[in-house]
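First chain written, first letter: the chains are A, B, C, D, E and F, and each begins at residue 1.
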Amino acid sequence: MSTSPVLQELGVVHRRVVRPDAAAVEKLSRFGVSTVHEAMGRLGLMAPRIRPIHPEASFCGTAITVLLQPGDNWMLHVAAEQIQAGDVVVAACTADCTDGFFGDLLATSFKARGCKGLVIDGGVRDVRDLCAMDFPVFSRAIHSKGTIKATLGSVNVPVVCANALVNPGDVIVADIDGVVVVPASRAQQVADAAEAREGNEAAKRVRFAAGELGLDMYAMREPLAKAGLRYVD
Amino acid sequence: MSTSPVLQELGVVHRRVVRPDAAAVEKLSRFGVSTVHEAMGRLGLMAPRIRPIHPEASFCGTAITVLLQPGDNWMLHVAAEQIQAGDVVVAACTADCTDGFFGDLLATSFKARGCKGLVIDGGVRDVRDLCAMDFPVFSRAIHSKGTIKATLGSVNVPVVCANALVNPGDVIVADIDGVVVVPASRAQQVADAAEAREGNEAAKRVRFAAGELGLDMYAMREPLAKAGLRYVD
Amino acid sequence: MSTSPVLQELGVVHRRVVRPDAAAVEKLSRFGVSTVHEAMGRLGLMAPRIRPIHPEASFCGTAITVLLQPGDNWMLHVAAEQIQAGDVVVAACTADCTDGFFGDLLATSFKARGCKGLVIDGGVRDVRDLCAMDFPVFSRAIHSKGTIKATLGSVNVPVVCANALVNPGDVIVADIDGVVVVPASRAQQVADAAEAREGNEAAKRVRFAAGELGLDMYAMREPLAKAGLRYVD
Amino acid sequence: MSTSPVLQELGVVHRRVVRPDAAAVEKLSRFGVSTVHEAMGRLGLMAPRIRPIHPEASFCGTAITVLLQPGDNWMLHVAAEQIQAGDVVVAACTADCTDGFFGDLLATSFKARGCKGLVIDGGVRDVRDLCAMDFPVFSRAIHSKGTIKATLGSVNVPVVCANALVNPGDVIVADIDGVVVVPASRAQQVADAAEAREGNEAAKRVRFAAGELGLDMYAMREPLAKAGLRYVD
Amino acid sequence: MSTSPVLQELGVVHRRVVRPDAAAVEKLSRFGVSTVHEAMGRLGLMAPRIRPIHPEASFCGTAITVLLQPGDNWMLHVAAEQIQAGDVVVAACTADCTDGFFGDLLATSFKARGCKGLVIDGGVRDVRDLCAMDFPVFSRAIHSKGTIKATLGSVNVPVVCANALVNPGDVIVADIDGVVVVPASRAQQVADAAEAREGNEAAKRVRFAAGELGLDMYAMREPLAKAGLRYVD
Amino acid sequence: MSTSPVLQELGVVHRRVVRPDAAAVEKLSRFGVSTVHEAMGRLGLMAPRIRPIHPEASFCGTAITVLLQPGDNWMLHVAAEQIQAGDVVVAACTADCTDGFFGDLLATSFKARGCKGLVIDGGVRDVRDLCAMDFPVFSRAIHSKGTIKATLGSVNVPVVCANALVNPGDVIVADIDGVVVVPASRAQQVADAAEAREGNEAAKRVRFAAGELGLDMYAMREPLAKAGLRYVD
């Protein structure tokens, strides 16, 4: 029998994750974070303190969520078992913490389960190995500080990670611009909107490259004048 | 008829920018930020929160200044029209803001106008594309957050950007060490001083490499002793 | 006649540094910061604000300590004379300061003395040159701001650098994960413990790669159940 | 006809807010933030960057939620109409922003509607007047920067404010220790747990005051010894 | 013979300061920082990191500007001599520094000269004494760290203090909302605009207190509807 | 048999603390933090992130040191037993952590043991009660976040707290200017130096109040001229 996950409830692992259609996830994976964010109506971003450990790091996958306690990475081991191919792990913490919750051993384990990457509102370590393994990680800090395994958090409950709400199964797109969360139920719609936007932008790029101004392309001269903009020679 | 630009006045675009002699700018472009900063008497630096989006990013050019409103990139489009080949854009904001004011479309437009780079006391996005385009950007943040076009700022008024005053036409030198502002009227003098310093440093580098100590090269032993330095074995 | 160095005493240079056995330092150099930190019982880390100027920067060496005054790099020149091959310089400051205390000239001097790198709780500059020289630097900031030579600090007194106590002769291991301080007297023991840990981890890595879960490898299922973890379908 | 509010949807005002039983809110108002946070199982806190503008500021009320755009306080005026006596306003922003969204005029309006206070992940101003009016405000910054009225946000959608999810109707308890969010559906249960905890603490306070140690009161000596704690004379 | 002051020039003291009409300064002193900032068209604010050392601290006066070197308060003594009754001192620094540049002795000296307060983009100390003396100070930090007297800065050159340009003679208004800079030449006009705004606000305050909504007072309902705002029951 | 405490060793409680002479501590208690810091030669300060929870908070006492693990306050209970009348508790943490390690119950216990206050490089809660009890606390944060009791730290080992080394028995002076650490062995000497300084300052205060300038009192005019200071009319 199933029970709906409760926000940040402690001590529970939800095994059932409703993931969006694979085709929608695949389609979202073709776009960058900024495009997806615009396609969502300028919503869904994590705070800019979350940065990639390597400039080339990027991924798109469905979220296994983890709620960590500060200084304790027990739940990341619990989460490993829930990972399916194509998932990413999103780890929030009940308090601000920069400890090194995650390193190359857990990355090896996650990767073996088909995990495509990690977002963590905490610290990570073994960064050279993580880069060598090509395992993309987005974190708030790099720090060697070791963690313990003593207190329960949860897996696959809704979490707030770096000021963004993440539900299990949501699509997470991450690249050098940051991290954006697409609710599972909106994946297809956002993917379609991203595609439309991208097409639109390609055309504009050509015109900008040819020297056309945004002032003309977007017909801004009149509204600027109306707003009172004065030109002085 | 011309009117002098006023500090951070809103709603105005000054079309006339007094740029320094091209030869002085070219000469300044041969030196790094730290050398230029020293040549100016240790003044002119922006705050260290302004960082390049890529370790190789660097430029030297004359400033088109922009005063932005938080969350609003309208004035960057207005600025595009004022860019001449060899200019760089320096964008300040009337409040602290990390939104993504600038991305690959604006970069394409700026580049098509001959712009050599951007310094912005705000956020930027499409960073992968900006790097691929080889368009150097120095910013306080990387963030996807989209902006609107609703409120007037200004173009080519004096602005305070990351704690440095920038007048239109000032020479901006930017590299991995940071960003320095050379007033247009001092461009030639600072370029000459930078050249003198650089020559001076080359000679010292050889002596240091050969094992000579700064203690001897700069005759520091006596002033240190006078200041009371004690050696203990 | 020898006098014991006193914490952060000003105006003194201790010439005698008790360095640990070279073999212990060499052995420590084989391990990363996170491994060494774990081998010390999860102690000894500097604060995560200290970051490498280049992702590949790393070193392992014995500390020459420097106590700087804010905005003043005089003592770095004094320290240069005390460097022996295999040493690294660890520079603390009597107050928070991001000025550019160190650049390519001092790096040339340090390198000529056999110095393997620098950790500084302050700013550095000439970063492009430092990278080109392959001189590894770990700092709290990159900033061009020049410094003066006016006030005495000390060399080879115990210092607190980025929240870690460093005694002259301590072994400093630094890489992309951060910086860890191994007291000279514990160098051999920590090196041995790091070796044991590394062997242990290699075996685990193979098992994780084969899909085994941490839950089983570390026998966590029972303690998790005891702690009350519930699984929901 | 009613539609469920969607997380951070833009351009919508939900008029219907399901508030918890008034008795539960009243009961929660008797306890401090730390007690309520513990009664919730150590969850529900906003990030510590949210601070009261006055040490005596505190409130307990039901949330009217607001989603602001950076630099734009339009939605606070929209929210005013939705306030009922006993409500508090919780304002999140789609991006990091310290502008002064709120001052004494809006406070006068909110107060006239029966509003008990404001939590805002942004800046406020007219702080002297707000204190004189005894209108309690919790914010991330104090800043005079004026805002515009140009872009839609929303009212009474779920928002993430300072890393905490807030649904309309949730109970917000705020005092000098910070801000905690009690989901409407858990208000009675948490109030009861807080009461139990408070009673429990009163007894302990008496014993502590009499000199009894936590080591004995909580029977910690045995687990400490088991964990390996050594006493050295 | 007079020479115009140059931005942040080092080693110079300008004795001549053009102060605005005393009546204009007196009139500005009747208004709070937020009102003055609005009256200037939402410009002129220092960054919000500048905070009063006491909630009641406030002043309005004409600026004596000081350019400090990090860790060095020599120029504050030089500035003391230039103070006239009604002046305030605005101290910027050539680099980020939180050292305690200013304490009760300098405050006693400044006060004896008729100085009305201090704004400093650095640290201060002896805070209890400063409060007891009723000498209002606005700073970026409170820190005991002592400073030296070794390097020249300047007095009465234009400085950038906490991201705001300040010219000698500008009017500085400071209170719990922050610090705003009114150019000397605009003092009368801004004072008049502030007065108009204040009158305007008094009327609004009465209407808000009576329960009228901003939605109606500012006729926002139509533009909100046009922007697409939807109400849901 | 006694063993010397080792820096930040884990799992140990040293019962023997060598406290300085009570008269020296009493004498130090007459001076403020800034005076003591100057009397120590401008050393010994904690970082300015440590702030009092109340502007009037202050104390002077001998340190019981605690090394905490992040999110775990077990060792504070262990420390309580080691407190003697006149002691203060100084709590460092093995990683950055803002959790609420300490509240009114522990304060009641500490106070009953004769404890004069707490310095903690972490968070505290129940701040209203702590103020009501007149128990002075200096912390890096105020946060309700509850902590666990699971991992060993230590009591009365040397710790690094907010970038300052603290040995058990050192004298800690804390007031609104910050926190300074006086090594036990230097207590008498520093107290005497502080007294001398204070007397000296009283005389200067009178002269400053009478309008004498620091320029004359400290004979700065000549060195300033020598350094090249120019006056311009």
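In this section, a contact is a pair of C-beta atoms (placed from the backbone, for glycine too) under 8 Å apart; a residue touches a chain by one contact, two chains touch by 3 or more.
These numbers come from a predicted model, not from an experiment.
A.B. asks: Which chains sit in contact with both members of the pair chain A and chain B?
C.D. replies: Touching chain A as well as chain B, we find C, D.
A.B. asks: Using just the Cα atoms, superpose chain D onto chain E and tell me the rotation angle to the nearest 5°.
C.D. replies: Between chain D and chain E, the superposition angle is 120 degrees.
A.B. asks: What whole-number Å value describes the gap between the mean CA coordinates of chain A and chain F?
C.D. replies: Here chain A and chain F have centroids separated by 42 Å.
A.B. asks: Let me have the rounded angstrom distance from the C-alpha centre of chain B over to the C-alpha centre of chain C, please.
C.D. replies: About 32 Å separates the centre of chain B from that of chain C.
A.B. asks: Among the residues of chain F, which ones contact at least 2 other chains?
C.D. replies: In chain F, the residues touching two or more other chains are 42, 45, 48, 94-96, 98, 143, 145, 151.
A.B. asks: Would you identify the shape of the chain contact graph, picking one of line, ring, star, complete or other?
C.D. replies: Contact pattern: none of line, ring, star or complete.
A.B. asks: Output every touching chain pair, sorted by label.
C.D. replies: Contact pairs between chains: A-B, A-C, A-D, A-F, B-C, B-D, B-E, C-E, C-F, D-E, D-F, E-F.
A.B. asks: Can you tell me which positions in chain B touch chain C when the two form their complex?
C.D. replies: Touch residues, chain B against chain C: 32-34, 37-38, 42, 45, 48, 51, 55, 175-178, 180, 201, 204-205, 208-215, 218, 220, 223-224, 227-233.
A.B. asks: In the complex of these two chains, what residues of chain D are touching chain A?
C.D. replies: For this pair, the touching residues of chain D are 7-8, 10, 41-45, 47-48, 94-96, 158, 160, 162-165, 183.
A.B. asks: Flag every residue of chain D that touches chain B in the complex, lowest number first.
C.D. replies: 69-72, 94-99, 143, 145, 148, 150-151
A.B. asks: In the complex, go through chain C and note every residue touching chain B.
C.D. replies: Touch list, chain C to chain B: 1-3, 5, 11-16, 54, 74, 77-78, 80-81, 98, 100, 103-106, 108-109, 111-113, 123, 125-128, 131, 141-146, 149, 151-152.
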